Amino acid sequence: MAEGPLSTPSEAAGRQAPRRSLLARWGRSEGAVAQTLITPGQLLLLFVILFPAIVAIYISFTGWTPQSGDPWYEAYRSWLWFDNYWEALSGNAFWAAVWRTIVVTVVAVTAEFLIGFGLALLLLKQFRGRGLLVVVFLLPMMVVPAVAGFIFYMLFQGDGPVNAALTWLLPGEVNIGWLTDPDIALFSVIIVDIWQWTPLMFLILLSGLVALPEDQMNAARILGAGWRHQFVHLVLPMMKPIILIALIIRAMETLKLFDAAWLMTQGGPGDATATMSVYLYRETFIGTRWGYSSAVAILVLIMVSMLAMRAIRPIEAAAEERVDDLVVAEERAEVSLEEAIEAEARAR
Amino acid sequence: MAGIRLDNVTKRFGSVTALDRISVEIEDGEFFAVLGHPGAGKTTMLRTIVGLETPDEGDVYAAGERITDVYPGDRDIAIMFQNLALYPDKSVYNNLAFPLKQAKVPKQQIEQRVAEVARVLRIEPLLKRKPAKLSGGERQRVALGRAMVRDPRALLLDEPLSALDALLRLEMRAELKRLQRELGRTVVYVTHDQVEAMSMADRIAVLREGVLQQVDQPENIYHRPANRFVATVVGSPPMNFLHAEGAWSGGTLELRHPLFTVTTAEAASESLRGRLAEGQECLVGVRPEDVHVTSAPGIPATVYVTEPLGGETVVDLDLGGRLVKALVDPTLKLQENEAVQLALDGQRLHVFDAEGVGLLSAAGEPLFTVSAS
Amino acid sequence: MAEIRIQSLTKEFAGGVVAVKDLELEVPHGSFVALLGPSGCGKTTTMNMISGLERPTAGEIYFDGRPITRVAPGKRNVGFVFQNYAIFTHMTVYGNLAFGLKVRKDGRSKAERDAEVRRVAEIVGLSGSLERKAGVLSVNDMQKVALGRSMIVQPAIFLLDEPFSNLDAAFRAYMRTELKRIQHEMGQTMVYVTHDQVEAMSMADRIAVMNLGELQQYGSPDDVYNRPRNRFVAGFVGSTRMNFLPASLAPALAPEGRADKLTLGVRPEAIEIVAPGDARSTLDARVTLVEPLGAKDVVHLEVGGHDARVVGAPGRRPHVGDSVGLSFDPSRVHLFNDETDLAV
Amino acid sequence: MSDRLGWLRGIGKALIVTVVGVVFLFPLYWIVTMAFKPQEEWQPIDGVHWVPDDWTLENFKKIFGRATDTGFFEAAPTDATNAIVNSIVAATGGTILAMLVGTLTAYGIARYKAGGGFLPFQILQLRMFPPVAIVIPLLIMYAYLELVDTYWGLILIYGAVTFPFVVWLMRSFFQEVPREIAEAAIVDGCSQWGALFKAVLPQVRGGLAATALFVFILNWSDFLLALVLTSEQVETAPVFLNGLQSAGAGQEYGPQAALGLVLIIPPAILGLAIQRYLVRGLTFGAVKR
């Protein structure tokens, strides 16, 4: 073993704390470093939310357009107070766009959930080709949304492969105007979203199912629970948080739908597929009435942030899942000895 | 004076008071254990000494100098976390060299110092490996090495042996004790295992829900517990408690239990004069190893269940409706519900008041005589 | 309550790992059998095969003479308490306890089921927290829920997989006494898996010591402790590890001079420390460390280059460096053949 | 369960899986084959050519500006090399900005709970707003700052829009590193910065790489922001594709499919590389597979 102590005890005990430069002290103070860490992020937030919101609100009260000759900061010259807002809220074009967005979101997300969950349950048990299949399923999610729009533009042509395949399958000639018939066009947009994002729903729900506690399932089986009973009393209740997250995240993204719809139909025929984003884009770049478009934009921002408040809670809860700070672990209630002795006296 | 002193340290986390007015002095070079159940605030105490937690009230002193607000890295105190917190991406050598690099120690001196520590801890062959490739015992030694390498004035160990299996824990206990004696450094050792505390510490501080119960040598913690909690923390199976009533006849105090009476020696009764009134409830504490099954007439009891452990046998006895545990010789064969006679070792009895505060402990002195009533 | 018979049970996992190798075991009616062994010795796999969670590669299992090797777990009327409880954390305590009854649809009315749940809750000491969510209970209460949930369906056989290893010491001792009492009162056939030999010794009527998938010894706690069949059982069972020394150090103890091929095994509490020259001293040793444990001391010694430990009363405590004599209690000395490790 | 039932279920399962596989893979099959079809086979009168009769690289040559026969009338210039380069620069730049700012913010939140409990919400909300709603004020600000149709313009907006993913993803990775590792580094003498760069960051290298690739895929896939904030100089590939689509009323199938294929391949490869982290990424670290 070591011959003697590494350095004499008294010598070690005598050392004092060194003096530190201002910069070194700054680098050591938790508060200062924490604030420095998040400052750039907060600046980025300002740049992308706060300034645009202020400018948009300012413009939304005016009739200003880029062609009106005077610079944007003199938009007050054509001050309209709430006219733009009234026009949007009373006009049916705005509400029609809102309605279409809701229809797309509800139908697409529900279909994605049902297909995704069904497939996840089907493929839960490990089998030879599962790894390959999951990879194949990944591909649609990876496709650039604009390209997805283009692909289905080709597929949904009158003489395209979809109609050809249906004619081959079904009796008689099939010639559905996927992109031309105003009643069906919106449904075509929904199909593209379902094609592209069902795999994500499948993967989220699959990872939820895989993470279910194996031993609770075994315990239920030993107590005699059949498959149906396990599904209703164990699988569904425990999957609730993940199902909620999957639905919210998909709904959040589908509300913003633009790329695929634009590439495939530019919101047409007419405005049959003009979701909120398409409608706003058209008003801004075709209608060039920026005051009105800003008003619509502000209305959209208000609606979405109300939704967002409710929607974030489950995502935050799941992300915060890991309990790491010291105190909560120490607070765990623990039977003290006296209680154990009391329980024993009572039991006898 | 050169050791570590906590002066009235209080630390709250929201509504929970993790440390409640802790004042304790740890001598320099002492092997000081902090014993308590999980959640008693032991780890918070360590984190306050090293500076990872700042106390809401009170101060921390090292070698007489106030270090309450000194940055952890500048306190010259090292800590070994319960999960060891080795740097997974760095080799064992770099884990050991890391603190020296931060202290800007010249490279050549770092190599020599790391080699020295590696030799002392017998981990030279592991220097190139990553922590993930080490066994539990090896990882534990590397973590100890990293804490020792800067030759700090004090080493704080947070339940270092808890992750090891029983056999390795036995060996590491002996090695840690030997190492501490050679280094001569102060060690503050946190554990919830009373065997570790008893067998390694020069002094033990028993902590419960952030409140210091008793600070003393292991013998006194075991034989002179300050209260009922301390009495149950050390010793396994835990101490038995029997309800009795105080009765003064002349100068001597008698503790009356339905089945036996404890008479206190003259001088000892004097010290309890003001603290136990006539007829007042009290608790007689007796450890299982001091409850003997005798052939001679004694206190009547019936055997409830026996647990043969090989080296000794734990017997649960029904003594007037209360369960009492006794430690008997394995060769003694007892049947269930068998009536037996018990004798309580008068030189090992303890007396607590109704709230569990320790009044008197025989601790080997003939202070009490027990007679069946 | 049922009797279990296991015949040449084998379990080989993919990749050739043999977890259990032709196990023969008889668990008599109403007895309490412990499966004892280090982690990875196949005890939990054996338990999973008895409960039906895992299907054996070969061999048969009989409950009361009836083969049940291929019967589904739910149909075996078996109670299983898992090491990490596996209670339904998202249900209330009541929901957990009632689960078994609700699933089995045995014609009992809701009121009868409710009464049954409250009765079992009373036995395991949970009547106060029936409405609480199982996930937020303390570790000890969770264990009670796991016990109650299995007891309520009155299983023919009760299987427990290291149920108390996560509890704190005091409550573990209390639960051991309780489990033994419940088993005794209800005459329940119980199989208890543990790596803690103290638990096995103190609770079981019979102990099956396993290692590397093979049964080492099956007998009463006394047999396993005092008449170990081989060196593994001797070394594994007993709170303080048995000392193993080459028999050549004390040839007198070895029969007809075969000392060089034998190993001496003696438990730390079967050795007494005496003066070096004392007549009773079997061999001399040097004290290297003393560990005071309050009730007794563990003294570490060095004997002819080998380490040994003695457990003694705290009275006469030797000092580090003293040379002393060790007197062995001849009736508690074991000898093992170096090649076969079997007891001589 | 008798084995016969098990076998039947197996067949049923295999059938469903193949049908679903075909439905999901056919669109990809269609664009891949279209990219190699000569002009005659784009929209043949004699019906759909499920498999190309003869394969040609003409479409790829067209989009990379080395077309041989330019005999037939070109509805719009098909040389996309410039747009593809723009996409690479913008997506990489945006990713680097998002990673730098996002990782620091994530550590600030994970380790010190900086910005109060509400900062993560604000950041997540940023991801909920439809980009088109902030397009007008952005255009006005960009015109004012002369950022329209510049690399810096795109890089700034791409960084800002994917910044929430970086914050939430890196936070979930930082949460997996035990607190004690940073604290050990501090006790060993590091400053707070030293603890981050020398002790904590090395443990999340895998997470950093996966997040960077994930954010690159998002930036690479943007269409709307590039459409609005660029014109000729910095036009990205998806915007170029849209140009071809609307100019020739979508008749240039071959080159468009070739460009579409070129656009799909990088995210497909990167996506498979970080497959384990994909679900975690798209759910902001909420679902840790």
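As written, the chain order gives the labels A, B, C and D, with residue 1 at the start of each chain.
Quick note on the criterion: contacts are C-beta pairs under 8 Å (C-beta built on N, C-alpha and C of every residue); 3 or more make two chains touch, one makes a residue touch a chain.
Quick caveat, the model's predicted, so the values are computed rather than measured.
Here the two chains linked by the largest count of contacting C-beta pairs are A-D. Taking each chain's centre as the average of its CA atoms, subunit B and subunit C sit 27 Å apart. Rounded to whole angstrom units, the spacing between the C-alpha centres of subunit A and subunit C is 51. Inter-chain centre distance (subunit B to subunit D, centres taken as mean C-alpha positions): 58 Å. Counting partners per residue, subunit C has 168, 170, 177 as the residues that reach two or more other chains.
Residue positions of subunit B touching 2 or more other chains: 37-38, 71, 73-74, 178, 232, 238. Residue positions of subunit A touching 2 or more other chains: 28, 325, 332, 334, 337, 341, 344.
Contacting chain pairs (ordered by label): A-B, A-C, A-D, B-C, B-D.
Remark: subunit C residues 51-53, 72-76, 78-80, 82, 84, 86-91, 99-100, 103-104, 123, 125, 138-141, 149-150, 153, 168, 170-171, 174, 177-178 touch subunit A in the complex.
Interface residues of subunit B, counted against subunit C in their complex, comprise 37-38, 167, 170, 173-174, 177-178, 192, 195, 198-199, 218-219, 222, 232, 234-238, 287, 289, 305, 307-312, 314, 316, 327.
Across the complex, subunit C meets subunit B through its residues 168-170, 173, 176-177, 180-181, 197-198, 201-203, 221-222, 225, 237-241, 267-269, 289, 291-295, 298, 300, 311. Within the complex, the subunit A residues that touch subunit D are 24, 27-31, 33-35, 37-38, 40-42, 44-45, 47-49, 51-56, 59, 72, 115, 119, 122-123, 129, 133-148, 150-155, 157, 159-161, 164, 195, 198-200, 203-204, 207-208, 210-211, 242, 245-246, 249, 252, 255-256, 258-259, 262-263, 266, 276-277, 280-281, 284-285, 290, 293-294, 297-298, 300-301, 304-305, 307-308, 311-312, 314-316, 318-319, 321-322, 324-325. For subunit D in complex with subunit A, the touching residues are 13, 16-17, 20-21, 23-28, 30-31, 34, 43, 47-48, 50, 100-102, 104-105, 107-109, 111-112, 114-115, 119-138, 140-141, 144, 156-157, 159-161, 163, 167-168, 171-172, 175-176, 178-179, 191-194, 217, 220-221, 223-224, 228, 238, 241-242, 245-246, 250, 253, 256-257, 260, 263-264, 267-268, 270-272, 275, 278-279, 282-289.
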